[in-house]
Each structure stands twice: as structure tokens, then as C-alpha cells.
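Letters A, B, C and D mark the chains as written, and numbering starts fresh at 1 in each.
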Amino acid sequence: MHSTELIEQIQRSLKEVVKHADELRDLDQALGDGDLGITITLGAGAVIEALEELPDGATPAEIARACAKAFANANPSTMAALVAGGLLAGSKTWKDLDDVDIAAAARFVKAAGDNIAQRGKTQIGDKTIVDAIMPAAEALDAGEDGASGLDAAIAAAEKAVVDTRSLRSRRGRAAWLQERSIGLQDPGATAMWRFLESWRTAGVPARF
Amino acid sequence: MHSTELIEQIQRSLKEVVKHADELRDLDQALGDGDLGITITLGAGAVIEALEELPDGATPAEIARACAKAFANANPSTMAALVAGGLLAGSKTWKDLDDVDIAAAARFVKAAGDNIAQRGKTQIGDKTIVDAIMPAAEALDAGEDGASGLDAAIAAAEKAVVDTRSLRSRRGRAAWLQERSIGLQDPGATAMWRFLESWRTAGVPARF
Amino acid sequence: MKKIINKPEDFVNEMIEGIILAHPDKLKNPGDDPRILVRADAPVAGKVGIVTGGGSGHLPLFKGYVGQGLCSGVAIGNVFSSPSSQQCFEATKAVDGGAGVLYLYGNYGGDVFNFDLAADLAELEDIETMTVLGRDDVASQPKENRQERRGVAGTLFAYKAAGAAAERGDTLEEVAAAAEDIVENTATMGIGLSPTILPTTGALSFDLPDGEMEIGIGIHGEPGIHRGPLETADAITDRLVDALVADLELADGDSVAVLVNGMGATPLEELYVMYRRVHQSLTSRGVSIGKNYVGEYATSLEMAGASISLLKLNDDRLALLEAPASSPFFQEV
Amino acid sequence: MKKIINKPEDFVNEMIEGIILAHPDKLKNPGDDPRILVRADAPVAGKVGIVTGGGSGHLPLFKGYVGQGLCSGVAIGNVFSSPSSQQCFEATKAVDGGAGVLYLYGNYGGDVFNFDLAADLAELEDIETMTVLGRDDVASQPKENRQERRGVAGTLFAYKAAGAAAERGDTLEEVAAAAEDIVENTATMGIGLSPTILPTTGALSFDLPDGEMEIGIGIHGEPGIHRGPLETADAITDRLVDALVADLELADGDSVAVLVNGMGATPLEELYVMYRRVHQSLTSRGVSIGKNYVGEYATSLEMAGASISLLKLNDDRLALLEAPASSPFFQEV
């Protein structure tokens, strides 16, 4: 996928993912402060607009950086900062890259996940977005082509999301709830899963 | 009535008047802050004690001043200050007096009432203690002997108290209630009436 | 009752004890009665003393305004009740430096009668006293009766000015005149959103349905001139400023000091939202703001609400406001 | 919703506008974004800049600690939410006087991630930054995990010390070390009696039955270590002081700074009742109080409650606390 397609794919996925804003708001209301729906809606809108204004000939890495910047400032929050940092980290794996294939995508997601885990001082099992992003990155990496890799990533993310329900939140606002967090589904992990689904709905995964 | 009798009469009246503390508290709760029961209870106790400690040979004027001082400080409030000021003013009419008769009592109460009215910037009809004290002073003044004068004063005070119910409070905390003060009985006027009654119950009025 | 207290009857004395323990270099009990506080250096020989007083529950009013360039002493009553005449008198003796003592406090019956009695006692001991009453609450009486108005947050201006005048060595008459000049040019109006809880009884100080506001409320919950649904910050501020501007007859070219005062529970953030509107409203009339105060200056325990005070300035008044002052609760540097 | 506000979404910007209108000689927006405030004289050439930041609703935290001898700038988020990394970065640029910038703020996820991103951006523009996190809430994590504790009211001490160090010309490393030294020796614990109302939704920030208290609560209503019936002021104070003394391992002969902080709705009177007990409790252990602060220093809108912070003092720390400082909300003279 080259820059023009990539931009289009991102924009279409984001128009898709905002349909889950209410679900994310409700989950974050239960475990946190309820702003995740707004973060996703405003963040998606800001990214779509920022990509519109990108000069012709922007590289995939530049595209990712533009996404990061727009998402970071739309609705400042944990998710905005962590995702933006993850996108910046991912973009570094795309140096001198013109065509995003499944391997590049896997590298990107892995780097983003590592960055989030490191910045968030988070491990898998802490009931955060990291729980969903890590297995998704692995599935992408193991994928034979774009379509099957994406399918596997979505399945892995979904499983991780469901698994967060029985976990106790160890990071962020949700950790304040202590035992009361058990039984509730992590909003950040859910957002990652919904984003992967939206990527599939929005585009032609084979184009990776 | 000479000093020894006067002290005894005051002490016995005050032991009587505190039986009305709950009534006064409730009235002041409705129209003010509800402390009048405490003011009367603590004030009466403080006066009784102060009179106990008065040196032998204290004049009636000195007795009244001791009452003023004790009452003023027992539970600081409007009533404490006004009554204390009234007692001091009354005591000035007892200069060089050894034997308190009905005429002296009338002079005293009149001076006390004038002082309270002046200090309180109050007129009859403002729904305060002044409403009860003024007609009582007049009745004492018109009284032929102690007993009938006191009876007339009590009757006049009682009528004034009942009349306060239909009035609007124009002074003190009760004035804050504005129209809502109408229908409620003034606690300060009631205290004056109950004190006169207690004076009769406690002693031998003919001894004036 | 959401209060951090011990026995309700110990509340006032324990609070005063805390204040003295925290600020021993600035405040002291001159004698045995804990309810009397004076500046640590009182009496200051040759200078006019200023005594204030009133009920507890209004911090930083009244005790907070005892300090350098402010009042010299305070007599402290129970929550929302007057100190005794004896306490007012003891405070008078403790601050008298030979130049007389000004009584400066808010116009409330119990306080007035007790201070007046104290003045009588002081006279017997040849201490000259004068009295100036804070009477800034425009909602409590119409302008024709302004001598009868209650004293509320705007009394701060009078403390500041009288304290500065005393500090620079003015005579008692001059200090009283400075205070009276401020009082005559100060107007305050407040709004209440929720009552306070009285520590002794646990009772609510007044009753106000949720979502309603009382415009013109006093600092003990005295009813005001309008009760109705809660309005926006701008609408509320406009109501208050309009009334104050009319009362002080402010016109294009005038300058004022502004005090936006929180009643206790209202967040400081909201006071700044109000200040913003005060500024807009005054500026649009050509009235400039020479000095401003935003915060809690006269509270009513945990009442939610706020008041706005305006003082019409001239050079003298501004100079008195800007003179240095220092208490544990108030500083002007 | 008992709030004096206009449109909830305008609350933060209108509050900031009010602050700038009230204190134009002390604070300014360095650029177009109202959410960034810096000292009026920023940047100060050759001196270390200090940037803080966090959610709104905590006045005087955080904006109140921007001033002479304090922080140089602040990035301001919505109520209880983080500012953006871009805002943190803009604040950084606006205060950088060439000697580097210290990030000093409370340990909360959103804030940390945004400041960390800002640090990356600053690095790209060759502005050196270091970060010290306020981590004083002992109820949020046991001592072994104290790097993970939340930052609450005790962060005041770190602001004061870092600001004084920067003002006297310390290097970035030295300023950071001074701040870190304070954080390492500060412990805070709080109690909540009633929730706050979030302006945007009108929802309560947490849920606490009447007559109950939450010991160890955070400044957004984070749960603590004990929920139970409301106790007396002395019992509550003892609980808090005992925990803090244990955490700081205070012993006979030690000296501390004390901060008794009101969360918003709790009257100042009650804070002094608590201070009294803090004094008694520390003195009885042979711990002396070298400096004290009683009042509202870090609030949570109109939450009722209070916190106590202790800082173990030595000569250096005390000197930094006593150095002059001045902001519209905090003065040390």
C-alpha cells in the first residue's frame, strides 16, 4: 500500500471506528471517566483532517507522524498520548519505506505496542490496550498475507478484550477501582480491537 | 424590700424562670437561632452565682449591676447585651436607695425599657422585648401596691406577647424572615412576661 | 453532618487554639480568655487600636484581619453569635496604646449591643472609643435606609483602610473617618446556592431547594431580594454588578476596587469565571478596576455561593488599600 | 448542580480568562492557546524554567504556583484531565531561558504520557528537559512502590523548593535534585466527606453515603484505604498523622513542614481544628514544626475533606521553603 492508498485506508477506517464511540464511552464510564468516546471521535476527526492537508508525496512515515500529532492534541488524555507515542514509534520502523506490506504493518504495530508498554510501564495482563495490541502484532507478524494476518489479529484482539473482563485493572484511572474493576471490560483494549475491525470493514486488506 | 430580700427574690425568680427555657428555645428556633433558652438558663445561673458572691451590704443598685455583668457574659447575644444594658440603666435610678418599693421598681423597669429601646433603635410594635417591657412598666407605675401593680404588669405583658403574633418582626434576626415572621410569637417579649410571672410565683409581691 | 470536628461545643475554642499554634509570631491571647486575639505586638504605643469582632464561622472574617496594617484585636463569638461585651472590652484594653480604639465590625444586632456596652465599660476606664459599622449589603435595605444595612464581605475594604490609617499614625477621629469614608462607598451583594450546617445542632442554616438560588443572601443565610432557578454565571454576575453600580452611582471614568468573594464551598474556579464577567461589565461602562481581590474573604462555613463587592476609589482610598499589611490570612506587599 | 458557571464546555477557558484579567502583571498567555500560562516575565534568560500542568478543578493547584520563586509556566487541561503534549511543549518553549526546563507535576497517567511526549518534542528543538513527579500520596501505594504513588497536595513543597532553586540560579540538574529530594521526603494522606460535581456532566465524582468518610482518598475521589463512619477531627487527624509519621520514619528530634489542606468545601475553621491536633500529636513525639501552611492549596472543586502533608525538614529544605515567592495565589515574604 502506497501513500495515497494508505491515507484513504486510514480515513475510511476512522470513519468506521467512530461508530463505536458510544460503546467506548460507556466502557470508560464504568472503569474511568467516560471520555474515551470523545477521544476517539475528536481524534479520528482531527486525523482525517490532518491527512487531508498533508502535502503530496508524503511518505508513510510522515503520514503516521501526522496521525500522531493530530490524535495527540484532539482530546488530551491517556489514550491520546499513548496512541500518539505509539504511532511515532511505529513510524520510525518505516524509515525509507514507500510500500506498506503486512510485514511492515506488523513491525509498526509491534513497535507501537512496545512503546506504549514502556511508556505506560505496562505488561500484558495489566488490563490495558497493551493486552490487545501485543497479540494483534504477533498475529500480523505470523500472517501469510494481509487478509489472513488481519483476520488473525482481529481474532487475537477480540480474545484479549474478552479476557480483560476477568482481570483487575493495574494501570490508569481504572486501577483506582481496585477489585471493583474485575468483571468490567477494558475500554482501551476494546478501542484497539474495534480499530482493527474497522480497518477490515473499511478497506481491502489484501492491499497490504 | 432591702438588699437581702432583694437578692433572695431575684434568685428564686430566676430558678423559676428557667422552667420556661424550652418554650423560649422553641420560639427563638422559629424566629431566630434558638439560643434564647440557653441564654436564659446560663444567664440565670450566672446571676444566681454572682449574687451569692456579692459582699454583705451591697446596695440594690450594686445588686442590679452585678446582675447585669453576670447576665451579659453568660451567653453573649442580643438579649444578654440588651438586658444587661437595661439593668445598668435601671440601676442608675436606684442611686442612694436602700428599700425597693413599687415606685422604685416601676422607675427601674421604665429606665431599662427606655435604654433597650434606645440601644435597639426599637419602638413598640417592632415585635421585640420592648413591646412587653413598656406596658409592664406603665402598669407597675400605675399600681397602688406591689401585688396589684405586679398583677397588672403581668397582664399587660401577656397581652403584648399575644399581640406580637400578628406583627412583623422589625429588629434582630427575626427581621430577616420578613413576612414569614407574621404569626410567630416574639421570644424576647415572652421572656419578659415569663420573668414577671416568675417574680410573682417566687416571692411575696406585697414586700415591694 | 459532613464536618471535621470534635465536640461541637469545643469547635470555636479548638479552632482558635489551632490558629495560635500555627501563628504564634503574629497572634496571641492577651489574657486567659481564648476568645480574644490580638496582634502579637499589641498594644502599640501611641497608635490607634482597632477592635473587630463577631460570630465564628466566617474565616478569614474576622480573626483573619488582625495583623500589621489591619485590625489590632478581635473578640470572637460562637458560630454566628456575638462575642460578649466583656470580651469586646478586654480586647479594647489589650490593644489600647493610649491613642484610643476604633470599633469596626459588621452591623448585626447582637454585635452592636455588645460593642456598645463595651464602649461604656471602656469609657469608665478612660479609653476613648469610636465605632464604625460595616454596612455594605445593598440587598438588606434600600439606599434610603443604608445606615441599617448589614455588614458583609465589603468590610474587608474598611479593615484595610482603617488599619493603614492607624499604622501611619492617624488620630482616632481620622482613622474612624477613613473607615467611614470607605463604608459609605462600598456596596456588596451576594448569592447563595446551598445552606451551611450549624455545628452545634446539625441543622441547616436555611432552606433552599436544589437548583434554586437566593440573590441578596446574607452571610448567615438571611433571605435576599430574589429567589429563583439557578442562572448562568454571567446572568448572576450581571444582576449583582448592575445593582452595585446603581447603588454607588458609578459612571464612565470612575474607578473601583472589586472583591469577588466565595462563601465557602464554591470553587475558586467559579469565582474567576465571575471576575471575568465583572471585568467585562465594568469596562463596558467605562469603569476601571484599580484593585481586585478574588477568593474567600468572608465565608459562611460550607455555604455554596459568592458575593461581589465594589468600592468606589479615589487616590486616598487606593493608597490605603495598597499600603502594606500582613496577617496569617491576608497579605498586601 | 450548584455551580456558578456558563456553558460547561467554556468553564475552563472562562476561568483562565478571569485569572489573566485579574493578574495581568503576573501571568500571561505566551501565545494563542489560552490553556498555557506563564510568568509575565518569562522566559528568564539563563535560569532554569519549571513547567507544571494537569487537569483543572484543583485551584490553586496548578496555575496558582506559577510565579516568582515558583513554577515558570503551566499547561492546563480540562477538569480532571490532562493537558495535551503540544500544550506542555508550548509551555516549555515559552519558559526556556536557555538553561533547560524541569517538568514538575503530579504522578497521573495522562499527565505523565503527555509530558513525556512533550519532552520528546523539546528534545527535537534542543531544549533540555528533566522530569520530577509529585508522588506524595501514601494511601495510593505502599512504601515499597512509592515511585508509583499519586501526586497530591504535598507537591506544593516541591514547587516551592524547585522554584527557589531555579530563582537562585541552580542548574537544571540541581533544580531537579532539589525537587526530587523534597518529593522523597514528603508524605500526604487525605480524607473525603462528599464528592464533587463534574461540570460537564453534572455527575458526582464518586459516591459516598452521608455520614461516611473515605480515608486515603485522592484529589479526584480515588478510593482510599478505609471507608467507614465519620469520626471526630482528632481521630481522623491521628489516623493521618500516624500513617505519615510511620511512612517518613519520623523520630524524636526531627523537624517537619506541615500542610493542612482543604479539598474545597471544608471550612477553614475545621482545618485549624485539625492543625491543632497535628501540632499536639507531633510535639508529643518530639517532632517540631518548622513551617506550616493551613488552607486550600490543592482542591477538588467542591469536595468536602482535607489532607495533611508532612515534609521532613533539614536546613536546605527549610531555606528553600522560606525563600521569597510570589504568585497571585501564593506568597512567601
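In the analysis below, a residue touches a chain if its C-beta (ideal position, glycine included) is under 8 Å from a C-beta of that chain, and two chains touch if they have at least 3 such contacts.
Quick caveat, the model's predicted, so the values are computed rather than measured.
Would you kindly count the fewest steps from chain A to chain B, each step being a jump to a chain that touches the current one?
So the least number of steps between the two chains is 3.
Return the distance between the CA-based centres of chain B and chain D, expressed in whole Å.
57
Could you put a whole-Å number on the gap between the CA centroids of chain C and chain D?
29
Can you work out the whole-Å distance between the CA centroids of chain B and chain C?
Chain B and chain C have C-alpha centres separated by 33 Å.
So which stretches of chain C touch two or more other chains?
There are none in chain C.
Residue numbers in chain A touching 2 or more other chains?
none
How would one label the connectivity among the chains shown: line, ring, star, complete, or other?
Shape = line; chains linked end to end, path left open.
Spell out all pairs of chains that touch, sorted by label.
Inter-chain contacts occur between A-D, B-C, C-D.
Hey, which residues of chain D end up touching chain A in the complex?
Per the stated touch rule, the residues are 77-78, 80-87, 109-110, 113-114, 116-117, 120, 201, 218, 222-223.
With touch defined as at the start, can you tell me which chain C residues reach chain D in the complex?
Touching chain D: residues 1-7, 11, 14-19, 21-22, 56-57, 59-60, 191, 193-194, 210-211, 230, 232-234, 236, 264-276, 279, 292, 294, 296, 299, 301-302, 304, 306, 326, 331, 333 of chain C.
Touching residues of chain B toward chain C in the complex: what are they?
Residue positions touching the partner: 33-35, 69, 72-73, 76-78, 80-82, 84-85, 88, 119-120, 171-173, 176-178.
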